[in-house]
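Quick one: structure below, then a few questions.
Chains here go by letter, A, B, C, D, E and F, matching the order in which they are written, and residues are numbered from 1 within each.
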Amino acid sequence: MDLAALTSSLDTFWILITGALVFFMQAGFALVEAGFTRSKNTTNILFKNLMDFCIGTLGFWLVGYGIMFGTGSGFFGAFEFFSEVNHAPAGIPNMAFFFFQLVFAATAATIVSGAMAERTKFVSYLVYSAIITLVIYPVSGHWIWGGGWLSQLSIPFHDFAGSTVVHSLGGWLALTGALILGPRIGKYKNGKIYAIPGHNLLIGALGVFILWLGWFGFNPGSTLSLSNPSLVANIFVTTNAAAAAGGVATLILTWLKYGKPGLSMSLNGVLAGLVAITAGCDAVTPGGAILIGFMAGILVVFSVEFFDKVAKIDDPVGAISVHGICGAFGTLMVGMFAVDGGLFYGGGAGLLGTQAIGVLSVAAWGIGIGLILFYAIKNIMGLRVSKKEEENGLDYYEHGETAYN
Amino acid sequence: MDLAALTSSLDTFWILITGALVFFMQAGFALVEAGFTRSKNTTNILFKNLMDFCIGTLGFWLVGYGIMFGTGSGFFGAFEFFSEVNHAPAGIPNMAFFFFQLVFAATAATIVSGAMAERTKFVSYLVYSAIITLVIYPVSGHWIWGGGWLSQLSIPFHDFAGSTVVHSLGGWLALTGALILGPRIGKYKNGKIYAIPGHNLLIGALGVFILWLGWFGFNPGSTLSLSNPSLVANIFVTTNAAAAAGGVATLILTWLKYGKPGLSMSLNGVLAGLVAITAGCDAVTPGGAILIGFMAGILVVFSVEFFDKVAKIDDPVGAISVHGICGAFGTLMVGMFAVDGGLFYGGGAGLLGTQAIGVLSVAAWGIGIGLILFYAIKNIMGLRVSKKEEENGLDYYEHGETAYN
Amino acid sequence: MDLAALTSSLDTFWILITGALVFFMQAGFALVEAGFTRSKNTTNILFKNLMDFCIGTLGFWLVGYGIMFGTGSGFFGAFEFFSEVNHAPAGIPNMAFFFFQLVFAATAATIVSGAMAERTKFVSYLVYSAIITLVIYPVSGHWIWGGGWLSQLSIPFHDFAGSTVVHSLGGWLALTGALILGPRIGKYKNGKIYAIPGHNLLIGALGVFILWLGWFGFNPGSTLSLSNPSLVANIFVTTNAAAAAGGVATLILTWLKYGKPGLSMSLNGVLAGLVAITAGCDAVTPGGAILIGFMAGILVVFSVEFFDKVAKIDDPVGAISVHGICGAFGTLMVGMFAVDGGLFYGGGAGLLGTQAIGVLSVAAWGIGIGLILFYAIKNIMGLRVSKKEEENGLDYYEHGETAYN
Amino acid sequence: MKKIEAIIRKSVFDEVLEALHEVGIDFLTYYDVTGVGNEKAGAIYRATVYETRLIERRAITFVCRDQFVEAATDAIVKAAQTGEMGDGKIFISTIDESVRIRTGEKGPESLYIK
Amino acid sequence: MKKIEAIIRKSVFDEVLEALHEVGIDFLTYYDVTGVGNEKAGAIYRATVYETRLIERRAITFVCRDQFVEAATDAIVKAAQTGEMGDGKIFISTIDESVRIRTGEKGPESLYIK
Amino acid sequence: MKKIEAIIRKSVFDEVLEALHEVGIDFLTYYDVTGVGNEKAGAIYRATVYETRLIERRAITFVCRDQFVEAATDAIVKAAQTGEMGDGKIFISTIDESVRIRTGEKGPESLYIK
């Protein structure tokens, strides 16, 4: 092998292995969602998480990849059915790049299922999750990673590994879905708010550890190359530091606020830190990462309280707060903490402005299309299971199969 | 380092990391088997999965490696006790190749334990699982991967990562084992067939996710080198696509056939797709992979029904269908879908013929030696626990230790 | 990229991926500890495992890294607050080396939590675990890996991946902690010893599989480079062989000793093999590794019995025996089995002497500082929860949150 | 004193608790059981479709003074009735003696709030 | 009406169910319990070998009209007997009243299939 | 024969078992239940702090000859009393008949050790 070939082998290896770690996040999401919901819906939630990846795999190949990376306008790529067009950066096989992008697309879809857990019809879930991977995610993804308008601004929008592209988009869709669906029976009764504890925190915690591991694929892998090993190493450190800081922040805050340190919330705090650092993991210092993670860990608590108690939008696993709010927050923080161009480093408000534009336009897209999508599904095929099915558990009625026997 | 040394480092890294992923499949198998069986046998099934790997590790080194890769006849390698003979391809340290082959060997042994779960004597399990890794697997492995007769046919047998070498062999052994062992008490009663639901689908699903991840080591790692990054990337995509298609096929079929989409079957569908693509993951297009996976997902349902209802061979986890039938099927499909030499690509029936020869001869070997092995064990030391032990759970009587307290 | 840059990329990739595997061991420890304890303390044990990594991450950066690797005396590195000093070997980015060292440091802290499970105050846990990562581990780490006195002996102390640096230190701290804390209520009553079975062996077994996987990062990654692929491959094989031999040894011994093969003990046996081979994984042959692992698998049974029945130190997960005793044992065995310098290979007793010095000095350090630390915490803030909290479970009183609902 | 045992659907548990609270029953014990009765449920496991009569239920039991029996029974019936097969049963039996462990006191007194 | 409670081995559960079905008992409730009795089991956990008298059992309970009691008792004994220590016990007691939640009807009537 | 049912804290279970053993009660059955009573516990789940009256308890039940009742009740009270709210209750009722499945023998005889 010559040097160029070897470099290509190494980079391909890199994105495939990190892609495999991102794939494994599917298991992490499945466990977190199953652990944070009730045992009568466990089969259902596992099935959803399995199937959105299966369907997403086929759908992203069918049209998603083309829409996202195809050469089109600033707003839309191209329809390339069963894409064989090469969109990979030089030196990387198209299929490696495709695989890497695919696992990201599936993540966006999976996020939604948590917020809508325990009451959504299975068939409707399959439909909307397919639409997300096939169309919704690729469109806004095109704007940012596919050469679209947000990447063409004079100060380009910076979302390195997808705080906005993946997470906040998923979060906004989750928001509209949970809103239109309404809360679970028993969550709000006679003006009171009831906690509906998840059935297995151990499984939820294992899910978080798996997600954390997966993030070492998600963020560093987004370099798509090992040509800059320092950068890759920095990303490992910033990613890890933000997660840790998020966990510590939530630990402290819940202790102060509720008198006792809460595990369920701290698990969210770790994820909040991870989501928030994703946009700027390449651009901030370890110190910056700790601050971003710490703030995200604080923010997620207030955000969960807000949606639970003020907005009364029932989100069993906190997906809206973790992915939507902290994703948006982390993207904005790039405008503050980026060593190159951030406000705190003398870069002025330019980058921050661009980041805000990006965050807002993806929010508008996600919320707008989400409202249309979920209303349409609600009216065409129904979005929610019957009261009886919900009360007795989706596992019985939707699948005839309980998870625990 | 010079270029050659660096290439060697890279390739070694590659097969060690993919080997580690394959190792992790042991955990996946353990979880699938534990999840799909009853809680009173959980300690037993975990213990078996742990021990077959431990014993396999020692045994494969003792004689297995030499039998498989040693220079001997077309039918048998060589006895090289505590092998130090180098069988690795150029540029790769012998120990790296040894480790990679070892984790494959252990997989073949593990497959059997699922089909024979909940009624096999622990000591007998240890004996037959040792014999599989020490002798049975290496012998047929030699035919295909060790330079034996199947690899010397004019059109050589193509089993890239082991649909036949590993999976269908394991499946055939599982078939004979389950046959000689007989069904679990309560499975067939008064001419009726009873479902014996697994005790924890969540754990089963996690096992499948881990296996899927492990397959990203199993298939791409079988290149043993990164010199062709496109090929490696293709294998990631075909492997993943077949798994997804298998899952979707089972989803649809169970929905149509039983009125409700079934998770337990769809988990098998994903595995069916993975097993089926293993032989040709390097040789087919992504489209071909989807078709193969889809058909495997259909096939596995009918196969499970056949063994359950017609043949009345009780296979608690579906190992015969998933590994045996779908492994054989996938190997045959190489003869159809291989871009280079497949029937559908104008390559004629030659490759298909070879594939059939390979499938049949391994089936004959697996079934023949399996019958001998299990009959021998049955008569010498007994294969099945007593009725009382089976009814009260193997955990109590075999180990004095229950899994859940 | 030129050859040097490519080498640097490859090596960075190597230590980051192996570092990620070591990170994943946190999940393994969490599962093992949760599985081997009672369900009323599951939230607590998960929370501890999560938080020691979060706090360790911040703390190791704050001072630990500097103390361990800074240029100071033979006994202590340097205070480098929020270290930016480069301590990495040539060709590796500082942040990559930092990340790799960080995940090791966190492991040492986590070991302690198992031995002190089910009765330690949460806040006290956070304090002592922080002190371990910030100070205690880096100090003795400095002696061995940071250029300190043990690495400067005429025959330098050999602890390749941390049998002593990480494991036995953790074990000694666990010993002093468990000693000062006293046994769990109900463990020793009226002169009798009661077994307190863990609540979920399946989760414990999954934890062991994850740890085993993580060890393929722990040991081979400690090469910090792929420049010698044979060495790396050997380490995979020795690591794996010792684990397997440890499992087999415990299987046989428990069968002989107790009449039935015991899973809970065999899981410890596997870990014992892994811990014991860690020091010499680079220096012994596969055969040597098997012997070391086998002896560790025997030793751990007697050691667990000793602490349980003679010393009456209550260690719910066997951390003292697995990490402390087997870590020390494995380190000594390097003096016997090292191909280069070991007693059995004609190297004389020199290396063995050095190994003994290292083992004893780290034991002295760990036990000495552990006694001070835990007495101090006991007197200042209290180390143990109240009788009522212990009886009803820490989850209720410390966190207001149960793991299973 | 009478002991009231009710086998109800898990899904009506909260309602039953509230209904009992309204008639003054604040103490009770419950646990999950499996019921075999008129109701059947379709189930699938791997390729086998089967009908099961084993359905998850919740058993509620409490002891109360005789004068509470009727109100309590009515409250349960009202809260737990869906009108479909499988709503469950209430069984009433006589308790000879009751003891409050905290104080050692016996008889109906031991059932009062204190 | 009588209430029959049987503590049996889990392994004979299916047989008992069938035997009861044959004598006309189609309604019942069961749950898993731990029994302390004559039977002992050897257990090992890590290095500790111990003998436990805590053994898993299944509790079956149903209420039936008085004339069913004998047949039901016999059926259980026949189906659940292994002859070894630990086969369990049957206890019979009196139920004052029974209510079918679905219809609100009371008395033995509420036990009929409808 | 009398049936004694006690709802106790899980944390006193071992003590109760021993105390019963001392007064000659060696057979019993227990299972875990959730109790609703005077005791309340603070709980937090994600951002919601709430007070729960649902607290884990253990139910112990055994049948014994009449002359054991008092000693057994006293033994339980003594072993299970912490003096704080939530110590639980003991209920005693009459059992009409008892059968030992192993031998088929009936009446109080079936309760003896054999």
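The criterion applied here is as follows: a residue touches a chain if its C-beta (ideal position, glycine included) is under 8 Å from a C-beta of that chain, and two chains touch if they have at least 3 such contacts.
Just so you know, these numbers come straight off a predicted model, no measurement behind them.
Enquirer: Would you kindly count the fewest steps from chain D to chain E, each step being a jump to a chain that touches the current one?
Expert: 1
Enquirer: By that same contact rule, can you tell me which chains touch chain C and chain D alike?
Expert: Chains touching both chain C and chain D: A, B, E, F.
Enquirer: Using only the C-alpha atoms, find the rotation that maps chain A onto chain B and quote its angle between 0 and 180 degrees, to the nearest 5.
Expert: When the C-alpha atoms are superposed, chain A turns by 120 degrees onto chain B.
Enquirer: Repeat of C-F among B-D, A-F or A-D, where over half of the residue-numbered contact pairs coincide, is which pair?
Expert: Repeat interface, by the over-half criterion: A-D.
Enquirer: For chain B versus chain F, what separation do you get between their C-alpha means, in angstrom?
Expert: Computed from C-alpha means, the inter-chain centre distance equals 51 Å.
Enquirer: Chain B to chain E: how many Å between their CA centres?
Expert: 44
Enquirer: Between chain C and chain E, what distance separates the C-alpha centroids? Give it in angstrom.
Expert: Result: the chain centres lie 50 Å from each other.
Enquirer: Quick check on chain D: which residues sit in contact with 2+ other chains?
Expert: If we look for residues of chain D contacting two or more partner chains, we find 31, 42-45, 49, 93-94.
Enquirer: Any chance you could list the residues of chain A touching two or more other chains?
Expert: Correct list: 3, 6, 10, 13, 17, 197-198, 200, 258, 260, 262, 264, 399-402.
Enquirer: According to the definition of touch, which chains form touching pairs?
Expert: A-B, A-C, A-D, A-F, B-C, B-D, B-E, C-E, C-F, D-E, D-F, E-F
Enquirer: Please give the residue numbers of chain A that touch chain F in the complex, ascending.
Expert: Touching chain F: residues 193-198, 254, 258-260, 262, 264-265, 268, 301, 304-305, 308-309, 318 of chain A.
Enquirer: Given the complex with chain C, which residues does chain A contribute to the contact?
Expert: My answer: residues 3, 6-7, 10, 13-14, 17, 21, 38, 197-202, 205-206, 208-210, 212-213, 216, 220, 226-227, 229-230, 232-234, 236-237, 240-241, 243-245, 247-248, 251, 258, 260-264, 266-267, 270, 286-287, 290.
Enquirer: For a test of understanding, state which residues of chain C touch chain F in their complex under the given definition.
Expert: Listed in rising order, the residues of chain C that touch chain F are 186, 189, 388, 391-392, 396, 399-402.
Enquirer: Of all residues in chain C, which touch chain A in the complex?
Expert: Touch residues, chain C against chain A: 1-3, 5-6, 8-13, 16-17, 19-20, 23-24, 26-27, 30-31, 34, 42-43, 46-47, 50-51, 53-58, 61, 82, 92-96, 98-99, 102, 122, 200, 203, 398-405.
Enquirer: Provide the residue numbers of chain D that touch chain A in the complex, in ascending order.
Expert: Per the touch definition, chain D meets chain A at residues 9-11, 14, 41-45, 49.
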